[in-house]
Amino acid sequence: MLKQIEGSLGIAEAVALCRPGAVCAYPISPQTHIVENVGKFVKEGKLQDCEFVNVESEFSAMSVSIGASAGGVRTYTATASQGLLYMVEGIYNASGLGLPIVMTVASRAIGAPINIWNDHSDSLSQRDSGWLQLFCESNQDALDTHIMAFKIAEEVGLPVMVCMDGFVLTHAFERLDIPSQEQIDSFLPEYQPKEFLDPKEPISMGAMVGPEAFTELRFLIQRKMEKALDVIERVTKEYRELTGHHSGGLLDCYRCEDAELKLIILGSSVGTAKDEVDRLRDQGIKVGIISLKSYRPFPYAKLREAIGDCKKVVCLERSFSYGARGIICPEVKRAMEGTDCDIRTTVAGLGGRAIFGSTINKIVHASLEGKLKDEITWIDMDTKLLNSYLKDAEGVTVPEDALVDDSVLKATVGHA
Amino acid sequence: MLQIRLHGRGGQGVVTAAEMLSLSAFLEGHFAQAFPSFGSERTGAPVVAYARIDNKEIRTHEPILEPDAVVVQDRTLLTALDVFAGISDQGFAIINSAEAPEQIVPELCERLPKGHVLTVPATDFAMQKIGRPLPGAPMIAALAAATGVFKLESVQKSFQSRYPGKVGDANAETAALAYEFIMNVKNGGQNA
Amino acid sequence: MLDAIKFYQTGSKTVGNRLLNPSMRSNQASESRPNTLISGHRACQGCGEALGARYAIDAAMRATNGQLMIANATGCLEVFSTPYPESAWRLPWIHSLFGNAAAVGSGLAVAARVRAKKAGNTNVPRVIAQGGDGGTTDIGFGPLSGMFERNDDVLYICYDNGAYMNTGVQRSSATPPAARTATTQLVGSEPGADWGKGKNVPLIAMAHGIPYVATASVADLRDLEYKVQKAMSYHGARYIQILVPCPLGWGCASSSTVTVARLAMETGFYPIFEAEYGKVTSVRKITQKQPVINFLKLQRRYAHLTGKKGDPKVLARIQAMCDENIKSFGLIGDEVPETVPVAIQALERNQTV
Amino acid sequence: MMNKSFAATLNPATSLANKTGSWRTLRPINVFKLPPCNKQCPAGENIQQWLYFAGEGDYEHAWRVLTENNPLPACMGRVCYHTCESKCNRGFLDESVGINSVERFLGDYAIEHNLSFKKPTRETGKRVLIIGSGPAGLSAAYQLRRFGHTVHILEMAAEPGGMMRYGIPVYRLPRNILDAEIKRLTDMGITIECNHKVEDILKEKEEGHYDAVILGMGASISTNVDIPQGDTTHVLNALTVLGDIASHTDIEVGRRVAVYGGGNTAVDVARSLRRLGAEPIIVYRRNRDKMPANEEEMDGAIEEGIQVKWLSTITNAQKDSLKIEKMKLNDQGWPEPTGEYEDLPADAVVLAIGQNVDLSVCKKVEGLQTEKDAVTIDKETMQTTVAGIFAAGDMVPGTRTVTAAIGMGKHAARGVNAYLKGEVYKRAEKHEDAKFEDMHPWYYTDAPKTVRPQLELARRTQTFDEVQHGLTEENAIFEARRCLSCGNCMECDNCYGVCPDSAVIKLGPGKGYEFNYDYCKGCGVCAQECPCGHIKMVPEKI
């Protein structure tokens, strides 16, 4: 059914279609609208046999989710940014216990300084947590991915984070095609927990495991992750056939055929970039996009195949690893090890600084013109602002960035 | 693709207006998109919202730098911000005011084609029908009248579906007033 | 005639009593008690927490007819009961984290209700969340308070031994003043834990207005069992804090676990009471009042107070604390306090000023 | 079955594979200590144990345990001076347990319910002669009969019972009670031949084909002192007076009677005379503290209006009055004359200063050694210096009380039994003492001793009705339940409950507990919390 609704409401509808037994959340922007709507569905009876718990912190949101999942019901929660970090201990715990919780991360920057706007530093900080991390291009993709996430999580036996860009997607009003309850019921059967707390068959979950078995347990989680690559593809295929929606998957290629440059992008910037790639193609510039949908598990083989013999790859990263470089780029390099593919990365769109088509355009041109000199390049840096500080503080300046676009800076929040 | 930027202040329903605008277009079979400027929308603070209307899937999520139309819900913003920044030469500007456009934005009136810069006393209409200064419905109805891209009925329907009952009806009535007002201007009539 | 004589040799103070009608004997006296925490666990010799946990959970098992599950905070109890590959529990049990037992309990309660409802089953398993004082009064306090205010159907049991024993006896907010811990050592001019610090979680729990709050001790089994049973008769958030001596952390003989807990009650050091909906409804009266020195002298954590070099001023201060407890909780006499007692820390802080 | 996660999910109760018993350096064991009451009891009664069953209301079981050592509980529940109570550990807590009154309750219960002793399952064919049917003789006969021996008692008096019949006033021991308990013994097959004074022990033994003999004659001769006297003043001896009262219930002695002596006999005489309407006054050479008479009996005498002349000796008995010399106690507590005299009006004097055994018959036996007022015996076997001849009761050195006689009779019987099998009786080694310090007094709720309802004082002084009433069943249970069960298990389940490792196994009612050494870590909480001191921690062999 087609609806013109806010992305958050679409996610809430998707979650409700999956018939969870427990949903809990703590308010944090920009995730709030999702759980507000799920809570409403529970209260008005649209979502039955489900309890909505208003907890006092994200730590408890994850903990209540752990309890509910261990208690044998399908469990959902959502968070972002600081909230995600506040529940980190529980995040690792949920995956260690193999609980198939599905959680939306409405991706947002992490403070200090406090910043409510979108980037990927929150979700990517959890790359080693043992959760599957699926990124979404659009609200339709996010809606569909949530539904698939439950099935994937339950098959794999690990929790799944559905990462969708905060505000950009969560607060965007768009046309969404919502599958019918019958469709989803046929796709996602009633939840059958692999193990749960049941007085009929008492088990002790969460034992202390020492050196004698810890490595093996870790190995088994990694094995689940590797299996998850197949599961994601299979579930995606099934879902696409059911709905006709081109959502999900490990990664998605756009105009990659004969591309001399392939951009690797995660999240909502993919859509913006697609429009720009169309314009560049119209100008005869052979550029394509690989939209990375599954960051964990990382589809090394699939990505290598997607890059193929293209000699130039540029990543667009909306997060950063201090003291190192990008976070995505090293993974891409690992995928392309042994080839002569030139892989570089750009950092843009931090803390809500918008990514425009023009941003993509600049990156493409800079790459093709050999202006991306280092492995990593900061895009749309306000060097004037930077230098005004550096001059006073340290008596030095950095070179003015030729790649900066004043209108971009102006259009971002705070300039408006 | 038609790109619209809406300016207003927190509490005036700017984001809702953008959403209703997208819904109106959706109801007519268009692809549409609306999104706020992702701020924390405190009452009284300047707020920006965006909307896009197209006949194919809208993939981009970038903010609108070069709008085809600008809707200004609060005329006090005219002196505070460059609300018309990037507006295309064939663009439309709808301003919430009882005064004539020539009196408040004479330069813009000169730059854009005749009839593309319009004022509408949306707050007055809202006070008449809703009893609260919520100019969203009349403003987008005015945009509908000015551009002809979507119909008054769609605007009314979108508000009525969002706010079933009295509030929706009152919004629909204000929308009609504004629509009539602009059609009247377009047909050579004078501002009230 | 036998039943008419209410005097049973040891009255109700022992675990069982062959002279009592079986229906009146303690749960622990039963040959068929559930032993939910079974032998083979790795608790230290004389572990009060192991004892308290079995007392409490067995009682809850009886109260719920075996329809019970547990969320356990990180801590000694968790570590000694479930080291891979052996579990000492005989009921559904989960350990998640140190600070989240209350919230995991809430989640389990949700799941139990939803599953029962879906299955058309009216018999909903009940949930106990449990942890030590560190996991309860400190790191798990936020989730605990959240569970309370939502009135989630969880009984939270805090096994209070007054310090972080699992990590090597560090101070918690339940550590009493002047007590030695690894982070409040017996050095300096005021050895041991500081005065005027700490929090009284039972009173805080009462301030949430939850249906049931109680303190108990491993030295009064029947009182403990009664309280657990009573707690299970309520739905909503409930809190029981059980004093469980730690021979290691307190520096007492492993055989003294129950004795030292008893002295904590009989000296007024640890008031035993229950409260319903925020109001104290009964108080366990001291049966043979003893000076606090009798409690302190069994424990090396108070070695600086009880030997020849003991500081009489500090001792007097602890005695005053006990006397204040006796007064404000009405531990002697027939009365139940009309108003909510004031946390003992208030006295300390007032004196500090 | 659930599909369980690797390592992080465990099966229930798998910890049983971890045998924590290996941690132990101390091992708890059950010890059976000797309660002070049992230790004190001259009859060797297992008091703690029979109180245990009495407290449960299983009176027959309690009575059977009691009568293992004492066949005369109804009598003993009346006349025993119950020194056990003075040793009772409960005395440290509040008041001693009223052991004696529970004993009497059980004795009376057995009479009321016609409980009988079991006959021996096997007759040995051995014949034992017992001389004297007093408590020592009856006790010995009972124990021998239980062994299956044939027992015949020769009694010189007209009725059996010895001093119980002729030395103890009826108000303390109604004769129907004594008769009932003797009858129960004869029902076992014991034969008693009265009015048969033995003149020649060996002859009796030989003619009767007895395999062994036990001498159980009582101290039936009153000790005399020479008091210069005029013709008109009666000077009588206590046993004659008591015997006459027992036989005729009424005698003429006089109105004002001085009873000379400070022992139990003196008190018995004084209280008996009071009941006959006389005004007895006890004359004793020392003070109350040094008085050997039972304290309770003395209290009763004073309550009944009997006066006492302390620190006094009678130097001369005149018509209507006695000359008394005042005494004082020296450093050793012995009386010394002061040379001060006074007159005491009195119609008669009853001498109650001691009794002797008639040893003349013993002296006829060759090789039977005697000493001052007793025959010489082996204290272990109770055998005299002549093989096959044993002695018990007043005959042998030691305390001359009914209770002591019963104890000695029991040991003599065991001595005989061993002798008949060609063995030498060796007494069982006594268990370690159960001390109050080993107990856990906190566990015992305070409960005062139930005081036996006493007869109105006035009534008591005018008749020979029993002074002490028995306990009601209610009181008996209460009293029995006051027993601390010193050093012996009372099945309170404390060990079973307080074990943090669930390593104590409860075996079921009456069966006690077992330690599960597979899991017991040796913490010692069970031992510390055992109310009775029944558990001891002993070092583990490492």
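For reference, chains read A, B, C and D in written order, and residue numbers begin at 1 within each chain.
Note that a residue touches a chain if its C-beta (ideal position, glycine included) is under 8 Å from a C-beta of that chain, and two chains touch if they have at least 3 such contacts.
Just so it is clear, the structure is predicted and the values come from calculations on it, not from any experiment.
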Co-neighbours of subunit D and subunit C - touch as defined: A
Pair exhibiting more inter-chain C-beta contacts, A-B or A-D: A-B
Separation of subunit A from subunit B, taking each centre as the mean of its C-alpha atoms, in whole Å: 34
Inter-chain centre distance, subunit A versus subunit D - centres from mean C-alpha coordinates, in Å: 92
Rounded Å distance between subunit A and subunit C, as computed from the means of their C-alpha atoms: 45
Between subunit B and subunit D, centroid-to-centroid distance (C-alpha), Å: 113
In subunit D, residues with contacts to at least two other chains: 7-8, 10-12
Where subunit C touches two or more other chains at once, by residue number: 81-82, 84-85, 87, 89-91
Complex contacts: residues of subunit A adjacent to subunit C: 21-22, 24, 49-51, 53-57, 59-60, 62-73, 75, 89-90, 93, 97, 196-199, 202-210, 212-213
Subunit A - residues contacting subunit B, complex: 2, 4, 6, 29-30, 116-118, 138, 165-169, 171-175, 268-272, 274-275, 352, 354-357, 407-408, 410-413, 416
Residue ranges of subunit B touching subunit A (in the complex, touch as defined): 18-19, 22-23, 26-27, 31-40, 46, 48, 58-63, 65, 81, 85-86
Residue ranges of subunit D touching subunit A (in the complex, touch as defined): 1-12
Footprint of subunit D on subunit A - complex, ascending: 96-98, 157, 194-196, 198, 201-207, 209, 213-214, 216-217, 220
